[in-house]
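Taking it in order: structure first as structure tokens, then the write-up.
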């Protein structure tokens, strides 16, 4: 479904990705893990046309979509939820949601979906007419996640959805992703909350130093002791302790 | 019992009809690591902002080490030894990591005048570098903070709270986006600091594993009011908390 | 008494002119989150397009107006967006401020060099016959200016808040990165903003030049006062521009007539400072929300 | 072939541009004519253009630059504020300077190198007093003026003159440069209802004032100095200018003077517009430079200055001086002047005032 | 650039500034002197705007205050060296006052408050003619005489100005590299966070205005003896905008930006003089073009060119070694 071939790219003169390659099958959830600054978010930006790619290819269903603009990517059925806060501050919650479906031709359907996501995240209905900027951090994140569910995407790129969400809502988001996967949507997710994320994933991908290090079934990665030690905090590495002294 | 480091009495705050914080009172004692949890929008960040002078509360009092600090400006509070982080990333994007960290400490060294005529780094470079090394950011020392990844910025943000040698630190979601291994390091740092300097912490966090293993006591906020208070185990077992927050 | 009503009513008439220009500021702010310091020149220029249409191509006044409108939309809308606003917008507000200041000089000096350094008469679209209102003399022109500003305020407010395109324009202004990720055609939204702004500037130009006379330097004070009107009224609300414009128009006249003529230019400034200190969001503006 | 340089320092941009550009164009015509007649002392005239941007500090620099570039004489500036500064530079270098400024203070500094091309406000405005006392027989008058160094000069002299003549100024209205709304100014005048109003403003301001005056039906005579009846003002104000009266030093409309008529025609042919009095001033300044230099017989600033003291040139002998003109030992000039009124959309000479 | 290279190039620049006027006409020396004077004013604005992030469009007003105080005192017989500190003090105090609105508003709004202030200063200077000479201005201020060194000559005055400029630049260097400089930047980037870290943002904001204004005052104190004539019109809003242009064109937030910017804004018109009436048109067009291609100011041009012709993709240090999972 999505395939990256030896992507090199970065910001300005600094190269961040040094040959990222992987492919993910249709209708699966893949979780990307890796240390802070490994280039996870950068990979997403590369796919979605927000990064200066020096070389390599992004293929979507076999079609070359390297360096397509975000609008084109949406046209291909890809949506993207970036890391951090990404709402339109002075527009109301409802109008923020509406923007999530702005590219759809069938607006009636979008309105209907808005009702559905508002059922799923009741807070959104409660604060329907409030400005997005006035919401709390987690409420804004809910808004963002909900906003990504309004179209009929083939592929969802979702970067750390759990930041700021209360535990029950994290579970709710994961359940939603599983439901979508079961309907045939492909999901690529970055999560530091890696244990829970890998638990619902089909595949896991370890990224480090701008390169893919491991790519395997999620269960196998969870079981791998090296992964556990280095990225899942199973045990504090020697480095951190050394640095302190 | 000794005087509480932080004492919060009846804090109230509304935003045009929404009662974000609804008469919250609690005490934090020296050396405690207090967890503050609760559903999204329950008023945790607003409570922090009211305590620390970023927002004027509608009512209530705050005292630090027995001194009433209601209405005090954030910078003065900080000089009393109260540090904090924000929920949203807030580093200084166009300053290097080192400058970010030094800035966090410089106002605690010398007078206004000595800061003009004294050394450019206020004598803090070595200390800052140690802190940077601890968070494994040494190679990024001279990089602009704005071009770090989310998690790296979060670490810089946390590091800044320690620079001034505070006696009380309020952390708003320090774990969000931080890699689990680094997070374990952060936890260790907090505990060690707490043990060594007796520094008191109040931590807002949604990462339950982190909160439960770090905190000695936890307060649960819901719709602006405290609905539960207790040790991690008590909270984990509290049905009201499970319903409102933790989920099944 | 007749002096008083004359001063107040004339003030309203002048104020409606300030309002028309100020609306341009608030529109560009709401839809692109930036300030066009050449706005005064944008209002000065279209009248010259009309004059050029008449003198160079021998057009009738009516046709020349249409010609002027079309050229303004292309030059002040399309070209401005493509050559100045779009490349500079990503580099931030202050850079664009400087660029538009330079643009103001460019437009002003070009008119001076290529058309004329001297003021030119400009025909009035509406009859200029005096009308007696409460012992004061007004003209049809004055009344229509007021009506027109009001209509523009209502129309634009509805457009920005009640249509999806309007909201997409706001989204583009407030958070272009997010707008882009959601698939909003960011470039087109910016284009809309500047096209509308150009058309408004042209209409304002046609309405005020009969009074102001066509001169290359007209934009200088006009742009400044209009901007102050926009701030006083409330920058993030289109209707604020109208309130601010009228207020300044009337107060200016009242000061000149009853307080001091030497310091009349100080009045809008003092008003501005007071408003900003007492109510930073402006008279009709709304607060921009949480900061922490 | 040898040339002689003249430094034309004027307000070519900024608010003073209309005046400066006319000044420049008047000089252009003069230079062409002078060169056609063989230049000055056989040397072709070369006019260097220096733009002051209507900024006194820049004007000072520009005069300095013109002198560095080897200018033998300076022509300009028009705005009195600029002239006040830059005349010091010309004086230090003993360079003759013809200026278009009318502020009284210019000739009060005892600078022997500065010469006017039109009489200062302290001469022009008093010429009007007779009109107020004898023709209008006014007892109570008003004044509407532009609050900058030009307008203030005229205003102060006028108020002083009226006091001397025993006429009471009952309403005094100041306005800003580039002001557009004259509603309150006119309303104030209307309310006070003087027998006549002295209007002292620049062109567009005059036009806007006249338009508003007409709108509110201001009935008393409006009397100005120079500007109020200029062709440009009439063009801008249209019917509202009808009846306005002004005292004019030298005017392109005084077509019965042969030199003026010839200059007007030539100017209109070249620049497709009517000359203003600034154009005539520039023209006269350039020609006087030639006449006086040739009288001296060499390019020498000191000698030029000596010659200028108390010099009188007759139009019969020196046709391009247009009207008989004298300079006193301070650089103030005097020549016959005219009273002009707008009739049927055209300025018409209604009287001549002899030089004093 | 390493420290030695930097020291060398700074010495080179100073040597250049010393040699520049030799053998030049008075006019060129005058232009060079105005370059230095405006560089001082721009340096001050650069502190307020470039480092502390507070847009101020009133720098010309402070030049006016500096110039009028100096003029009135020197005309009353004071020596410049005594008049100047008073002028600076006056500007510092007024600058503190102007800083107050900045505590309430930011960005464009602040820009216009300061612009309004500039116009108010203009109006006061024009209307209070009993003190300021009104629109006729003040004339004939003496140039300072230091016994053995009199600055009456244009060239001497240039060196005098150069000396003052170097001292002012050194002081500014001291400020921006001190913890104050860091606090200014913090104010620019994230005032709320800065406040929570103990930075007294209120005091820092006011200081940013006051110090920046004092530099404006110093420039004014030099303008008075340089031009020997001052009038309100020379300190209007247009001049503030010109100083702002210098800061942005040179590179705001860069120490040497103001010198470069002032040079361009003052000298470019000279270069374009051949274009006669069109020079302002060409000039403004050039400014726009520059902002499109080098928005960070001319000081960034070199980096841009380097990037363009010798593109390098470097791998950052952190991406060379990691936790070591192979």
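To keep things simple, chains are lettered A, B, C, D and E as they appear, and every chain counts its residues starting from 1.
As a working rule, a contact is a pair of C-beta atoms (placed from the backbone, for glycine too) under 8 Å apart; a residue touches a chain by one contact, two chains touch by 3 or more.
In this text, all values refer to a predicted model and were calculated from it rather than measured experimentally.
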{"item": "Path length in the contact graph (chain C to chain D, fewest steps)", "value": "1"}
{"item": "Partner chains shared by chain A and chain E (touch criterion as defined above)", "value": "B, C"}
{"item": "Most distant chain from chain E, judged by the mean position of its C-alpha atoms", "value": "A"}
{"item": "Chain of greatest Cα-centre distance to chain B", "value": "D"}
{"item": "Centre distance in Å when chain D and chain E are each reduced to the mean of their C-alpha atoms", "value": "38"}
{"item": "Centre-to-centre distance between chain B and chain A (centres being mean Cα positions), rounded to whole Å", "value": "28"}
{"item": "Between chain C and chain B, distance of the C-alpha-averaged centres to the nearest whole Å", "value": "47"}
{"item": "In chain C, residues with contacts to at least two other chains", "value": "109, 112, 262, 265, 292"}
{"item": "Residues of chain E whose C-beta touches two or more other chains", "value": "192, 277, 280, 316, 318, 323"}
{"item": "Multi-chain contact sites of chain D, meaning residues that touch two or more partners", "value": "13, 147"}
{"item": "Chain A - residues contacting chain B, complex", "value": "11, 34-38, 40-41, 83-85, 123, 134-139, 141-142, 160, 162-172, 192-194, 229-233, 235-237, 239-241, 243-244"}
{"item": "Residue ranges of chain D touching chain C (in the complex, touch as defined)", "value": "13, 15, 17-18, 21, 147, 173-176, 178, 180-181, 183-185, 187-188, 190-191, 203-204, 207-208, 211, 215-217, 232, 235-236, 238, 273"}
{"item": "Complex interface listing, chain C residues touching chain A", "value": "164, 167-168, 170-171, 174-175, 177-185, 236, 288-290"}
{"item": "Contact set on chain C toward chain E in their complex", "value": "35, 83-84, 87-88, 91-95, 97-99, 101-103, 105-106, 109-110, 112-113, 224, 227-228, 231, 235, 262-263, 265-266, 268-270, 272-273, 276-277, 280, 291-292"}
{"item": "Chain D partner contacts - residues on chain C that touch it in the complex", "value": "2-3, 6-7, 10-11, 13-14, 109, 112, 116-121, 128, 130, 137, 139, 211-213, 215-218, 220-222, 249, 252-254, 256-257, 261-262, 264-265"}
